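The structures come next, written out as structure tokens.
In the two complexes that follow, chain A is the common piece, with chain B as its partner first and chain C second.
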Partner chain A sequence: MGIIEDVSVIMISSLAIGSIYALMALGLSMLWSTLNLINFAHGSLMMLGAYIFVYILMSTNNLLLALLAIPIMFLIGMATYKTVFEKTSRMEDFLLRNALITLVLGAMIEQLINIYFGGTYMKIPEFVSGYIFIGSLRIASQYIAITFISLGLLFLLYLIIFHTKYGLAIRAVGQDLQESLLCGLNIRNIYSVTVGIGFVLASIAGILLGSIYIFNPVSGRIPLLISYIIVIFGGVGSFMGTLVASYIIALLYVSSSYYIGGSWSLFIAYLMMLLILTIRPYGIFGGRR
Partner chain B sequence: MHLLELLDVAIGYGVIKIIDNLDLYMDEGEVIAIIGPNGHGKSTLLKGIARLNTIHHGKIIFKGIDISVMDPHEVAKLGIKYIPEAGGYFPFMSVMENLKIGGYYLRSHIFKTKLKEIEEIFPWIKYRYKQMANTLSGGERKMLSIARALISEPKLLLLDEPSLGLAPIAKQEVKKAIRSIISSTKISIILAESELAMVKDLADRVFLLKNGKIKEIEVDKISSNLEEYLV
Partner chain C sequence: MVIRATIYIYGAIMVVSLILIPIIGLYINQTILTLAIISLIFGISALSWNLLLGYGGVWFFGQTGVFGLSAYTYGLMSRNYDPWISFILSIVISIIPITVISLLSIRLKSAYFALATFAFNLLVSAALIAIYPANVIFQIPRLYINIYSYKLKFDEYNSIPYYILLLTITIIFLYIQKKMLTSILGIRFIALKENEDRALSLGIDPLRARLPFIIVSVIFTSIAGSIYAQYLGSISQSIFGLDIFIVFLIILGLGGIGTFYGPLVATILWSFIDFWLSLFATQYRIIILSIATIVVLIYLRSGIGGLIDLIGTKLIGVETHSSRRKTSEEIHYRH
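What follows is the complex of A and B.
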């Protein structure tokens, strides 16, 4: 392949992967900035969403019914807040306690999936088959579909956060808890819905990634680390920062995979996280927290 | 029935009591001022009514409801709005977003009506709707915090040191705005303030809060005894 084809392949792949990264990282960022919840279960939640999707799809052979995985994950998120984090968030050392709880929850989810589905690899069938040809370039239709689905969902998320009353309340709570209370906002309700949205974003990312790559119960671990790199790079709580960081990291990841191999691309991503934490710990768009 | 009654109330932070055995009442449309030296419980009292700190004992009755056991957001929804001495606005939101959060529970058409009323009290605000709150001047920020509380149709405003840290011109503007609220609405106000000229000008009744104890003083006698009240 010539240089133009190489660059085109890298750009298209980066756009598709970057959009999925953005979905999963925005979920992580929302929980972090709104609830101060550093969610180490985010990768496992991606897998849980993907497995629930696969389970319904295998049971019913109906793609639309399989999408029930998304509202199910929303309800799981709200229930998790009500039963766990609502109580622990009132405790003095809630930051560390909640982070440890998510670590345990993540391990529990992985184990639960392992018990029910086993550790063998699975894959979600492609939503669309075939290829699209642009000149001599052959692009899998699935990549194009995923890119459009992800971009559509990101736009929807943007509308919710910046153009709805509820999004305004989520941003207010993330900015100042006491001021939000003084305005009469019901913090507990806002928190539970935010956790629900965070779980939904993780599960959608899991379903989309699962339609490109094979996965097993622990496949969410690397995407979790990548999400952290993106959130820290973009700045915690910054929508635009997270979006830009997602595509930069995806481009870096895809191009290094393409030229020097997958193992190096992960190493480079981790190195980048180390550099950001050392040199610019609040990210490219984030303020001091 | 009084609008607000505090019956044998003790308020503090955690296990520490700052105010003890306090009794106070106020009626609808009344403006009362709390004066006293710094650190003697003025802010603690207002935060206690807003349910932001600990009520050790006693009852706070607002329109017949005991609010001493409520959460801060429930008290705010009842119409009690606390405006802190610092803050009272979301710095990384626009002026309009701040007002929208203030009127979060209002229906759209009521919000628009309230916005017109806000524009009458604060004429400058309509030219700054898109401006970020943290880029406003000190006086404008204070007025935004009052406007944010005012748009939610409050019954009682708890104003904590509204003139603190403001330049003389800004103090006059804030005072003018508060006077406009008093004359054009039936909103009751509790004003914790060290600026005695403002207190004398705005308050119907004045209370001295010193060492956690409260006593009513005559408005006319304030100016001659400054040292006694604020030291």
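What follows is the complex of A and C.
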């Protein structure tokens, strides 16, 4: 293969994977900036969404019914907020406590998936099959479909956050809690919906990633790490920063695994994170938090 | 102080267990001794994590990386070198990379430092799997002592030498922790947690205040990791997974973050509950323990350690005021 084919393959797959990571990282970033929640369970939640999707799809063989996984994850998110994070929010060391709780929660979800679905590898069937030919180049239409689906979802998320009253409220709570309380915002309601949205974004990312790669209960760990690298790189709470960073990191990840080898790509992403942390700890677009 | 009120209870438990567990292990039931050794290995790791997380508010999440790196280094080095030399080398080697990463990222805010050190776990596992691709290291030799012409291997007498070694290390750790926390070093360390802006404005350097504690914590974790490899005799790549990290977390969460003896009590409790659950509910034991940990983290803020402190002070009737308030008063006084 020539250099042009190489580059275009890398570009196309990093566009698809970058969009998926953007969905995941935006969920993380939202939880971090709004609730001050460092969610280590995001990878497991991603897998939970994918497994619920696969389970409904296998038992009913209906794609539309399988999309019920998304509202289910939203409800799980709201329930988790009500039962766990609302209780800890009044403690003085709630940041650390929440982080530890999400770590334990992540392990618990992994084990639950392991018990009910088994630890074997699974794959979500492709939404669209076949290939598209551009010249001598063969592109799986799945990648293109995923890119368009996730770009559409990102646009929807942008509209929700920046062009609705609810999105305004979510951003306001993230910026200044006291002022939002004074304005009469229902903080608990906003928090629970934010957690729900975060969980939904994780599960959508899981479903999309699960239709490209095979997965098992623990395969959410590396995406979790990569999306945290993205969040730090782009700056916490910055929508555009996270979006740009996810494509940069995805390009780096895909090209390094294409040229050097899959086991080294994580190293490079990690070194990039350490570099960013030492030079500009608040990300390329983020403000000081 | 709380510590003085409850030290009698813990002291009594310690002395009784010191005498009782080896006797039970030698003559009645070996399982008790095995559980005691395993619980002390995890207990030392959890205690040294508690020193950073609980007392210093340093979000150090690289504990499994250090633990696994030390275990793996011992496993690989002891093939060619003497067990004692590889024991010491495994500790030295496993503290170098995490110290470098801490130096680079120690000035960061808590969550950023947590992510930098959390990613270290995965990095170590990727590097070691690249160096040594086989899944399991078998036949790891154990330590020995030459007493005149007699060579005492540590796995003789149902591994009682390991039990004594681990108990000694635990006591040394608790002593060092107490000395460090009550010195000016410890006051700076705690001040950074309690009020970071104020501490910084008083001229406390985060690097100089936190680095000694990180190094002490990492040294004891790597000792525990190395002994873990020796005691089990074989280790697999799964040592780097989230599972051991979750065990540390369960012990710390149940024991109480920032309590002096809490993790030690919780680790004994954990090892027995875990063993008991593994007899008839193998799959569910992580779930049950996780739920218990979450409940304790939410409703019982200072865990079992805090509960015992409370009972101890009620029983002995010493006036309590939390160690936290005392230290901030001392800071005010000394500066």
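Keep in mind that, in the parts below, the second predicted complex is superposed on the first by the 289 of 289 C-alpha atoms of A that agree within 3 Å, B and C clash if a C-alpha of one lies under 4 Å from a C-alpha of the other, contacts with A are read in each partner's own complex, and residues count from 1 in each chain.
Note that in this section a contact is a pair of C-beta atoms (placed from the backbone, for glycine too) under 8 Å apart; a residue touches a chain by one contact, two chains touch by 3 or more.
Predicted, not measured: the structure shown is a model, and the values here were computed from it.
Q: Quick check for you: in the superposed arrangement, does A:T278 touch first (chain B), second (chain C), both or neither?
A: A:T278: touches chain C, not chain B.
Q: Kindly classify A:E179 by the partners it touches after superposition: chain B alone (first), chain C alone (second), both, or neither?
A: The answer is first: A:E179 touches chain B but not chain C.
Q: Between chain B and chain C, point out the one touching more chain A residues.
A: Comparing chain B with chain C, the partner touching more chain A residues is C.
Q: Go through chain A and flag every residue that touches chain B in one model and chain C in the other.
A: Looking at chain A, the two contact sets are disjoint.
Q: Can you list the residues on chain B that touch chain A in the complex?
A: These residues of chain B touch chain A: 50, 52, 71-74, 76-77, 81-82, 84, 87-93, 97, 100-102, 104-105, 148-149, 152.
Q: Which chain A residues qualify as touching chain B in the complex?
A: For this pair, the touching residues of chain A are 165, 168-169, 171-172, 175-176, 178-187, 287.
Q: Mind pulling up the chain A residues that touch chain C in the complex?
A: Residue list for chain A touching chain C: 32, 38, 40, 84, 87-88, 91, 93, 95-97, 99-101, 103-108, 110-112, 114-115, 218, 221-222, 225, 228-229, 232, 263, 266-267, 270, 273-274, 277-278, 281, 289.
Q: So in the complex, the part of chain C that touches chain A is made up of which residues?
A: Within the complex, chain C touches chain A at residues 53, 57, 59, 101, 104-105, 108-112, 114-116, 118-119, 122-123, 126-127, 129-130, 241-243, 245-246, 249-250, 252-253, 257, 283-284, 286-287, 290-291, 293-294, 297-299, 301.
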